[in-house]
Structure formats: structure tokens, C-alpha cells
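Got some structures for you, see below.
Here subunit A shows up in two complexes: once beside subunit B, once beside subunit C.
So, the complex of A and B:
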């Protein structure tokens, strides 16, 4: 007979083994090694926490009491994995994309990061899981008690309680140690997952070993056991179709909704593709787990005395046959089942409790105390989580004590399951239906929770414990249709099916109605879009920062207001300033501030703030409103831009017209002046010609007079001809129709000829030159250059008003250019007229002075422009002074 | 004593032509070429009639006319203006300023002679 002490030693050694496995796995994970940690087999085995002590011990009890119905508990998850894997895949993807830490986190996050939903789900989960944890404590304690009894020392109530406390404390230590070792962003616990995988193997082989022993060791082979089963009452149990459907549904839903299952399925998942393997591997595991349930139950019922607890057949059958080793192995299997469930459950619940209840309260207290948030929040969260683990196990122990250790384990398990699945409508609705709202979710969850509590949870304590027998029979306040087991007067249903049907129905209905009749906040819309369209937003391999999608929404919104290019440029610049590539910066408060300012430039500060408000504090306008505002603002902007463009265009046209008009006016004045001047220039010689021709016609004059008058007429006709020539010349030059000759010569010769043509060096005008400076070879249109010189000399002759007119012709270099200056000793040209003299008949506007330079200077300017040089008036030289600058290309050599 | 005509004009050939025509008709002709000093000349040689060109070096004929009409001694002296710019606004301005006659170049000798005679007789 195995002594109790040895059993304790074995249990402790087993725990020590688990510790080392967990340690080893954590170390490998820290080192980035150990690919096996990420293997789909480990993932599949970790799912086995579905098979708790309830399954390990309870399934046999279930079979002994209710026949084949226990199979439903295995069928539910199998159906989910085989037929509903796409739901799991979506959940896993969302979990990774949104960095979900628990099922409460997922629901809170989906519905606009609602704090209250997180609290509701957390409370629901804790309430539903507590009996289940108590159940595990009880099973471990009972299994110890079994050995104690077999050793001849049956445990009393105090011993049972002490054992339960010891187990609870031990589990708390293990869970705290590995469950809160670090605060990983993705909340993965490699050590624990690995330990659970080991436990999964142990419990499977333990059950298989007991089963094999029962079939071959006791019954004498498969054929005998089949015959025995046929003969036993188990096969005679009538199966209730409604219960089967209800149980398959509940167990399947629980497989997704139980906090611990969500933890291993979604949170601990390292690779989406592992679901593919788990899809067939886990149903296989379940099948093996259920393989020997019926044989053990049948044999147990047959060989053990009447009244033996069938929930403990797995232990008591080997013990009764003196197979202590096998019993010990079986004990370890049960121990594994219980501990793995408790550990994961506690981690999942502690995460929820600390994240959704403890830390928010702490933050509020801190904020109230005026303390800064800069302190080490991590350590606070870890502490909160550790305290939560202790609290949850304490609750479990408390339930164990209060419930008095009821012996029907399976019943508590189902009640617990149906409590957890109240999350299902909101969970599925949240990830598939964009229209689901926070209000609807809260209404559905609360309704489901209340109905479940009323119809299943409270009655599970037994009539009289929480609900008096009168209320059970006649309804609260004698409201008949509110009886816990017959809501709305529908009687005669199985209590479990009744509770499940009503809770799920009302839950889903309220969720639907609440969602339809309430409006989602912008945050909900954004989150909803990301959850429902998770496959558009994320990739399976790389987890993505939540804020990126927010930034994308902001970008879409901003583009409507700022215009695509501007918005993208702004986002890109912001991302760059954060050291990120691409155009989606992290949505920091700094960024939001800057974006708000940027938007304020387009829609005004108040609207911009209203638009950004929902993203910063979660309240404000709906997304439709935002988009409507954005569209409206964009339209107004567009319209006003068009108006602005139009008026700018008109203004531009008006300006152009005004300028053109001014030019035309000036041109018109110039034209009038030009014509007037032409008229003057032509009429003056013609006056002389007419007068003298009349005098000649009249006769009565001396031959000398006659000759003189004929000479005047001749000179004046030449003057007319010259004027007309000049006009044509200027017209040709101004229109650019002139063909320049390419001629070479020397400057001195050119000036010589010009002086000679312009009347020579005479008393009327003395020409002063420095011949040595004129020794310069030039290559240009020499006739045209000569024409310029002639005009300048002629002007000096005509207009120099000195008593002894002189014209100095100087050749020199000024800033690298060869210049020829023509400076006379007259009174020069008034400063205000100097700018005008190169215009055609410029002096026409100066009515105080008769005569005119005519077209001479205008022609000089045109010629010099054509030749590539220039001509200008030189002020401050005493008399009239003109400077001709030769084009650089015209200089050949200095002679 | 022959009546005195002052011709203020800067074109030498025109001066010569008009002087010839009027001398032949019996007038005593004085000439002056500069606009600026024209008024001094008028005071030094009070003429019975002035022939005044518009475009003169130094001062325009219109300014001289304004001075003539503003001076009591010359306010009644007949003035005949000459211009080579055939613009009607010049004629209007001249008559408004008090010119007695306005002639556009080129003119016929008979025209000059007849106009001078008419102005003298008036």
C-alpha cells in the first residue's frame, strides 16, 4: 500500500519537474532559442487544458450517471476545430493585430476600448470560473483523500480543507512565479505553456494506462469489455436530444469563450498556422481521452461497492486491484489536469482583473492624488496581477468551503461552461458585425449574465441556499413566470437546457436590439472596422501596432480636408520626425496636437478640435459626422477656391488690360507726338521751298539772289530726303529687318570719314582727337558704326551753343570695354531730358525748345543694339556728351 | 514811316523768306531767333505787328504770347502765329491766348502778305 507520504513526495517531485520544465522553456525563449517552443504540437497540447479534472475524473462519473452524454463535452470542441476553424482564425488574427491580452480586453477593445465592458466581462468570467477552480481544488484534495483512506487514515473535514488550502497556495506560488515573471507585451508565457504541454501528455497517458489496465487487466480484453458494456445500465440510458444539442453547443462555445481557453487559443498563439495542425490533432487528443471512459465506468460500477463515488473511479479502480503504481500515475494525471487548468485560468482571470479593475482604479486614485504617471507602472501592473492571482485562488477556495465540497463535479462544470458562453454573442457579433455597439454588447452581456445567474448559477447551490424553495416553486414575489427553472411559464424543460436557451436567446436578442437602436461612437466605428476587416488590415506573421490603423483613419479624414498631397506630405513628415518610414506616424498626443492645428487651418479650430476630440478622449462626434463635416468643409473650400481663382483670374486680366491700356495710351501719345514731329520736320523745309519757289516765280531779283534762293531750295529738298531716309532706316532697324555687314577696318579711318561726312573740322565745330588712341582694329558693320559717329558729330554741329563750338572725340577703355566718347563744349542737355533723348523725336514733349534731334539718336541707339554694343548719354561732362561702347567682339587688335 | 514787323523764328531759311516778302511789301522787318530773349527784344523794339513761331529755342511761342498779352504795352499788338505742327489744338490754344491770326507752314507768300496787311489795317 502506497503511503501518503510517498504520494506527497511524488506530487512534490512532479511539481519540481514542472518547475524545471517551465524554467528551461523560459530560458530558451529568453535566449531566442528552442524552436520546439513554437511548435504546433506544443500549441495543440496546451489546448488540452480544456480537459480538466472534470474531464479526467468527472467524465467517468458522468458516464456512470448519465451514460454516453459525456461525449458531448468532447464533440463541442471537435466541431469547433473542424467546422468553425475560420472563427478561431479570425480571433487569433485579431488577437495578434490588436495585441489582445484577454477575452475581456478583446471585447472592451472592439467596442471602442470601453472600460465598462471590460469590467462586465471580467466579473462574468470570475463568477463563472470560480466554481470551476473550486472544483479543481476539490478534485486534487479528494484524490489525496482517496489515498489517505486507502492507507487507513480517512480524512476529516479539517484535513480536506487544509489540503485544499495547501493546494491553492502551491498553485498560487507556481502561477505567480511563471505567470507574472515579466510583463510581456503579447502576454505569452512560454514556461507555463511548456509545463502544460508536459501535463497534457501525462494526463493522456495516465488515463490511457488506467483504461488499458481496465480493459486488458480486469475485463480480459476488448470483446469482454464490449459485452460488459452492453450488459451494463450505461447503454440503457435514454438520450435526451435537447440536452445533446445544448451540451454540444455549450461545450463548443466554451472552448472559445472560457478565459483560459481564450488564453491558450489566442493569446499564447505564436503562429496562426498552428490552428491547421490543432484542427486535427486536438480532436484526436480528445478522442483518445474519451476512449476508455465508458470501460472504466462500467468496470468501476461492476467491481466497486455500491455508493462508491464514480468521479473517483480512475483512482479507486487501480487502488482496489492493488495497482499502487498505476494509481499513482493516475493521480498525477488528475493532478496535472487540475493544476494546468487552475494555472491558466488564474493567469487569464488575473490579467483581466488587474487590467480592467485594479489598474484603472489605481490610476484613478493616483490621478486623484495628483501624482504623476511617470512612476513605474509596470511594477504596479505586475503587483496587481500577482494580487489578482492570489485573490482568484482565494475565491476558489472560498467557494470550495461555502459549497461544502459537493460531489457532483460534472454538474458544476456545465454551469460554469454556460456562464462563460454568455460572452459568445458579443464575441462573434463583435468580430463579424460592424453594426454591433457598446450599448448592445453591455445589454446582451448583462442580460445573459442575469438570466444565467437566475436560472443556472444560483440554483446550482441547491434549493434553499440562495434561492428559497418557495421562490423556486412559485417565482419571486409569486411572479409565476419568473421561476428559475421555468421562465415565461415554459415548464418541463431540462434545467440546464432551459437556462442555456433562455440566457443565450435573451442575451443575443438584447445585444442585437441594443446595437440596432444605439449609435456607435467614432472609436467604436474605428475599432469595429479593424476587427471585422482584420484580414484587410493586418498580416498573419507580423504583429502590427494598433495605432497604425488609427493613423490610417486620421489620414483618410485629413485627406478629405487638406487634400491628398498635403495630407500625405504632412503625415510623412510627421512619421519621419518620429523616425519611422512610410506615411503613418504613431498617434502620439504630440502628433494629434499638430494634426489638429493643421486641420484648424482648413476647418477652423473649433471644428478641428471636435474632429480630433473622439480620438483623444473617446467622446464627441460620430464618424459620419466627422466625414460629413470633412466633406462639407472640403466642398466649401473647393467652392471658395474656385471663386478665389476666378476673381484672381479676373483681377489678373484686369491688371493686364490696365497695363495694356496704359501702354496703348502712352503709345497713342507717342504716335501723336511722332506724327506731329514728322509733320514739323517735313513742313519746315517745305515752307522754305514753297516760299522761295514763289519768290523765284515772281521774278524781280538779281541773279545772285536768284542763285542763292535756288540753292536754299536745293538744300531743303536734300534735308527732306535725308529725313525720309532716316524714317525708313529707323523703321527697318526697329523691326529687325536690317542685314548687318561683316567688315573690318581701323577705328581711326572710320572716325576720319565720319568727321569728313559730317562737315569736317571747321570753325563751326572744332574736332579734337587723339589719333594714337584711335589705333584700333575693328570688325563689325562699319557703315552702321560710321552712321552713329556721323549722327553724333552732326548733332554737335547743330546743337552745340558754345561761342567756339568744340567736339572732343576720345577713345578709351572703361571696365574692359572700348568706348568712344563725343563731348562738346555746349550747355549740354538738361538732366530731366537726358533719359528721353534717345526716343524718336523726343524733344517734342519739350515745347520750350524748338528743333529736335530728330531721329538721329533713336537711330544711333537702334544701330548700337543691333551691333551688340550700346550708346548712352554721359552726364556731368560740361557739354553734351555721348558714349559709344563697342561690342567686345568688334575689337580686332590694337594697332 | 513804315510799319514795323518783328519776326520771331529760328529757321534761317524761313526768316529769310518772310523778311524778303514783307520788305518787298514795304514793311520794316526785324528778326529774333531765341525764345528766351524774345520779350527783351519786343520791349527794345516795340513792333506794330509780331509774327511768332511756336517752336523756338529756349521758350515756346505760346509762353511768349501769354507774356505779350499780359503786358499793357503789347496787349494790343497784333500777333500772327506760325507753326509747322498742323494740329488744331495748337490753333485753338493760340487764339484763346489772344493771337490775332494763326498760320500753318507751309504757307504761300501772298497769304503772309495779305494777312499782315489785314492785321495792320485793323
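So, the complex of A and C:
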């Protein structure tokens, strides 16, 4: 018979082993050499905290009492795990993307980082988990008591209490030591994860060892054990269908919602791929854990005396067969189950209590000064967490003492599960439904909590403890419909199923209605988008193309950067281009691209991409970062806008100055060219005048010669005068100083006069006209127009090189304008010179004809511009041809 | 600027099969839930021993369990959470 002291020694050395394993793992992780810490096996084993002492010991007891119903507790998690692609994958991704620290944090974060929701979930979790912790303490002390009794020293109540308090203190020390060593952002605890992985192996092998012993050692093989099942009191399938389905549901949901499970599943997860392995490996673990439960139960029922506690068959069956070593191993398995659950549960709850209750209160008390001291906050959080660990274990112990242990406590396991499950509607709704709001979540959680408390939690203490028997039977204030076990007057349901059904239904209903009829804050909507679309953002999958709600987030963000009006205008324009009305276009990649570019125009491409990243790629900045950056960027934008406005103004001025400068340079060049031309033109006649006047002064010449020279001088003087007149004329015209006369007359008469002034229709130049076409009344400055005609006729007389020079004057209508064409029969003007002839001093031939300074056509052009008409060279007429277009206003009537 | 992106109607064979494997992964829990609901239809046991025997029930439940585990293990090879299809569109 194993002595009690040996048992204590074994237990203590086992604890020492766990300490060293945890310590070793922490050290390896610190040194960065703990690659094996990140293996999927460790992750899978850490999930085994689902199997607590309640399942280790209790499952056999459960099976002995109610047959196969115990297995539902494992079937639910199995379904959840093999379906990891549905929910777990999403939770883990969200947990990593949002750096979630606990289930309360997830709920609070999803609903706009709501403090009140965090508090509600935390309180709910603590209330639901405390009895469960008490249950673990009870199971450990009971197992000690079994050995004490086997050793001949039965434990009294005081010893049980002492054992419980010793276990609680030991657990508190371990948890504080390894659970609050660091304050990682991601809240991972390598030492603890490693320790519970070791414990997972121990409890699995302990149960398998006992099972193998029972099947092969006692019963004699699998077929015998099946026969023994048929012969046992639990041979018949007597399962209540509602409980079967209800318990599968509750256990599956609890697997996600229990704070400790969330801790190992999501928070301690280091790699999303581990889910892939755990998806089948952990169901295997669960299957092995439950494989020998029924055999142990039926063998225990067969060989142990009636009245033996079936909850302790795992210990008492080996002990009764004298297998002390096996019993010891089994004890360690149960001890492992209890301690690993308590440790993780305490850490998860302590994290929630410190993050959502203690620290917010502390910050409020410190109001003002608190926010600045980041280092200070850290130490406060650690202290808060340590105190919370102690507090939660103390609470568990207190509960153990108050409830007095026993059967009332054993029933609390499922009640505790169904309490934790109240988070489920909000959790699932939060990660799948964007319409879920903070108000709805709070309403659902509070409703579920109240209904659960009334129908399951308070009655679980037994009639008369909290709820009097009259109230149980007749309802509070005799309101029949509010009886704790028969809400709305529906009798006859199993109490557990009744509580679960009503709490979940009302919870989900209030959550739904509250969400539908309330309006979320922008932060909630941003967070909602991040949570619900956590995969779409990272994969760019098809759903992004149709989800108009995404556009809203983009609009919110864009408004912070671009300003409200501009962003709305841009979104509206985009929506219109997609054929939609309103402000929210479909979020196509095309649109994203455009928007990003639009934002890049304001904040630069890199920043814009980084800002679009979280909404389109799903990782990177948190929403708070995003908003902070947006505010900052808006300020920078404001400043840069001002700078840009100033710089644009300067740019404008500089451009104006540059243009003016260019104009001045051109004018200066023109002036130089003009001056040199003028001096050349003046110098030529002056030279002849000077030389001939010198000859005259010297005398000694015949009167004929004298007359000839004087004639030349006179001619040159005339030419000079004419040149100066032309220059004067041109300058007057060019400066716009000329005053135009308003005269009316007859085109034919005008041309007649011009022809006669220019020398008339002589042998030197035949003039061909069509008098009937010239019957046109004109109203303009006739003198100036006549000057143009005279000039053109004179030019023809001078430059027409035909043998029998002719000039045709043709009046006609071309595209609505009256034109007068002057066409001679000479050789015309070469194409390359046609553009030059209207310039000042442009002369096509070098040959100097009398009185020509090359200003005639320049003057003609100036005059026609003043009159509102134009003059141009008309190529392709078989000679030089000029077209004078009369201004439309000048035509009076066809005579 | 690239034209407005449309998700492809037809995927190449590998991507298509990958998606079907994901559908399979989604189907496993449904399959399990249905199989484990079948005990609801079983005849309740009575004193005369005419009902379903628990020995048979144990065998049924564990066989379903093993089938689910094997299925999940096979599918987990085909479905890798980290190997998402690359984003169809890279912005920027």
C-alpha cells in the first residue's frame, strides 16, 4: 500500500518537474532557441486544458450514472475542430491581426474598443469560471483523500480544506511566477504552454494506462469488455435527445468561448498553420481520452462495492487491484488535469480583470498624469495581474468552502459551460456580421447573463440556497411565467436544456434587435470591417467587389485625409461612373487604385498605400494608428496646401515676368533690325545726293549735265521724302494712333480713282476690269482703302515683268466675304518669299525700282487690319495676285 | 490605368481544385454533426433489453470519430491556411 507521504513526495517532485520544464522553456525562448516551442504538437497538446479534472475523473462517474451522455462533452469540440476552416481560422487570424489578448478584448475591440463590453464579458467569465476552479480544487483534494483513506487515515473536512488551500497557494505561486513574467503585446507564455503540454501527455497516458489495464488486465480483451457493457447497468441506450444535441452544442460552443480555451486557441497561437494540424490531432486526443471511459465505468461498477464514488473509479479501480504504481500515475494524470486548467484559466481571467477592470479604474483615478507614464502603467498592469491571479484563486477556494464540496459542485460543470457560452452569439455575430453593434452586444450579453443566472446558476446551488422553494415552484411574486425551471410556463423540459435554450434564444434575439435598431460609431464600423473582412482584405477575393459597406470605411478614411466635401465628391463621381447613385461605389480594384492615387496626391504614394493597406490587405496598422495617421496627415495637408498656394502664386508671377522679358527681347531685336534697315534705306539716296551735289559745287560742267545732276538730286530727295512719309504713316498705323474716317461710297468709283492716281490704264500696264461686279456700296475709310488699291496697282506697274503687263481687278464673293483680287500676268512671287512680302523693307528682288522702300505692302496690311479686313497673297493665279478681303461691316448694298 | 478588375469566372484547374478542397474542409463538421445526430433516431432502451445496446452505440460513435479524424487529416494536407491564393490584384 502506497503511503500518503510518498504520494505527497511524488506530487511535489512532479510539481518541481513542471517548474523546471516551464523555466527551461522560458529560457530557451528568451535565448531565441526554442523553435520546438512553436511546433504544432505543443499547440495541440496545450489545447488539452479542455480536459480538466472534471473530465478526467468526472467522465467515468458521468458514464457510470448516465451511460454515453458523457461523450457529448468531447463530440462538440471535435466538430468545432474538424470545422476549423469555419470559425477557428477566422478567430486566430483576427487575434493575430488585432493583437487580441483575451476573449473580453476581442469583444471589446470588435465593438469599437468599448470599455463597458470588456467589463461585462470579464464579469461573466469570472462568475462562470469560479465554480469550475473550485471544482478542480475539490477533485485534487478528493484524490488526496482517496490515498489517505487507502493508507488507513481518512481525511476529515478540515484536512480537505487544508489540502485545498495548499493546492490553491501552490497554483497561485506557479501562475504568478510564469504567467506574469513578461507583458508581451501578444500575451504568450512559453513556460506555461510547455508545462501544460507535458501535463497533457501525462494525463493522456495515465488514462490510457488505466484503460488498458481495465480492458486487458481485468476484463480480458475488447470483446469481453463489450460483453461486460451489455451486462452492466448502463447497457441500454437511454439518451434524452434534447440533452444529446444540447450538450454537443454547449460543449462545442464552450470550446471557443471559455476564457482559458480562447487563451490557448487564439492568444497563445504562434502560427496559423498549427490549426491545420490541431484540426485532426486534437480530435484524436479527445477520442483517446474518452476511449476507455465506458470500460472503466462498467468494470468499476462491477468490481467495486455498491456506493463507491464513481467519480473516483480512475483511482479506486487500480488501487483495489493492488496496482499502486498505476494508481499513482493516474493520480498524477488527474492532478495534471486540474492544475493545467486552473493555471491557464487563472491567467486568462487575470488578464481580463487587469486589462478591463483594474487598469481602466487606475487610469481614471490617476486622471491626467497617468497617460504620460508608460513605464508606470506596465508595472501597474503586472501588479494588477498578480493580484488578480491571487484573487481569482481565493475566490475559487472561497466558493469551494461555501458550497461545501459534494454533489452540488459536481453539477456545476455544465452550468459553468453554459454561462461561458453566453458570449457565443456576440462572438459569432461580431466576426461574421457587420451590422452587429455595441448596444446590441451589451443587450444580448446582459440578457443572456440574467437568464442564465436565473434559470441555471442560482438554482444550481439547490432549492432554498439563493432561490426559495416557493419561488422555484411558483415564480417570483407568484409570476407563474418566471419560474426558474419553466420560463413562460413551459413545463417538463430538462432543466439544463431549458436554461440553455432560453438563455441562448433571448440572448441572440436581444443582440440582433439591439444591433438592428441602434447606430454604430465610426470606430465600431471600422473595427467591424476589419473583423468581418479579415480574409478579404488579405486575399483580394471576389467578395470585395460587391460589398458596398467597405466603401463606407474607405469614405470615412478618405474624409479624414481629403476633407469631407472633396472625398464625397470623389466617391460620388466614382459611383456615378459605375452607374450608381449615392456616395458609395462598388469597391473594385479599379476604384481602389484610383482612390489610392487620389490619396497619394494628398499624402504621398507611400503613405497612401500604407493607409489603404489595412483596408485592402488586412494587416499592418490598427484602426487607431490609421485614425492617428489620418489626423496627422490632415494637418500636414493643411500646411502644405498653404505652401502650395503661395508657391503657385509665385510661379504665376515668374511666368508673367518671363513672358514679358521674352517679348522685350524680341522687340529689341526687331528695333535693331528696323534701325539698320532704315539707315540703309536713308543712306542710299543720301549718298547719291551728296556725290551729285559735290559735283555741282565743283562746277565746270555743261548746263545739260548740271540739269541732269540736279534732276537726280531732286528725284532722290523725293524718294527720301516718300520714304519718310511711309515710315511716318506706318508708325502711326502700327501705334493705332490713326483716326479712321467714316465714309460711304461706291466701290467702282474708288477703284477708278485708284487706277487714275496710279498712272491710269496705259500701255505700260493694261488694267482689265468687270464694271458690273464692282457695283457695290461700301462704308469704311475710303481714303485708306483707296491707298491700299493704289499701292497694289503701283506694285504691279513696277514689278510686273511680262512683255505686255496686265492687271486684272476682280471683285467677287468668297465664303461670304467680298474680295477684290489684283492679279497681274508677271512671273509672280516665289513660294518661299510669299510669307515675307508683307514685312517691313521686304523686297523680293534686289533691283531697286524708283521710290520703293519695301514698305508698301506692310502699310497695306496695317491698313486692312485697322479696317477690319485683310490682305493676303493669292498663289496659283499665273502671276502675282493679292486678295483684299473687305470687312463685312463695310458692305452697304449691291448697287 | 488597368481596366476595372473582374474576378475570373473560370479558374485554372489547380486553383479550382483548391477551392473544392476548402469546400470539403467546410463539409467535414457538417458530416460529423449529421452522423452524430443519428443516435437521436435510435430506439430508446427499456427494461426488457429491446432497445439499442450501448456496446453497439460505443462502437458506432467511435467509428464515426475515427472517420472524421482521418478525413480531417487528409484534407488538412490539401488545404493550407497560409497558402491563400495570391491576391488577384496588386495595387500600386
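In this text, the second predicted complex is superposed on the first by the 522 of 895 C-alpha atoms of A that agree within 3 Å, B and C clash if a C-alpha of one lies under 4 Å from a C-alpha of the other, contacts with A are read in each partner's own complex, and residues count from 1 in each chain.
What we mean here is this: a contact is a pair of C-beta atoms (placed from the backbone, for glycine too) under 8 Å apart; a residue touches a chain by one contact, two chains touch by 3 or more.
These numbers come from a predicted model, not from an experiment.
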item	value
Which superposed partner A:68 touches (first subunit B, second subunit C, both, neither)	second
Which partner reaches more residues of subunit A (counting touched residues only), subunit B or subunit C	C
Touched partner set for A:670, first subunit B, second subunit C, both or neither	neither
First (subunit B), second (subunit C), both or neither touched by A:712	first
First (subunit B), second (subunit C), both or neither touched by A:245	second
Which superposed partner A:688 touches (first subunit B, second subunit C, both, neither)	first
First, second, both or neither for A:86, with subunit B first and subunit C second	second
Partner chain in contact with A:592 - subunit B first, subunit C second, else both or neither	second
On subunit A, the residue positions that both subunit B and subunit C contact, one per complex	none
Subunit B - residues contacting subunit A, complex	10-11, 13-14, 16-18, 20-21, 35, 53-60, 62-63, 84-87, 104-110
Subunit B partner contacts - residues on subunit A that touch it in the complex	676-677, 679-681, 683-692, 694-695, 698, 712, 715-716, 847-851
For the subunit C and subunit A complex, residues of the former touching the latter	1-7, 22, 25-26, 28-30, 32-33, 36-37, 39-40, 42-46, 49, 51-55, 57-59, 61-62, 65-66, 68-73, 76, 79-82, 84-85, 87-89, 91-92
Sites on subunit A touched by subunit C in the complex	67-68, 71, 75, 78-86, 89, 226-227, 229-230, 234-239, 241, 244-245, 248, 272-273, 275-277, 279-280, 283-284, 287, 291, 294, 535, 538-542, 545, 588-594, 596, 605, 609, 612, 616-617
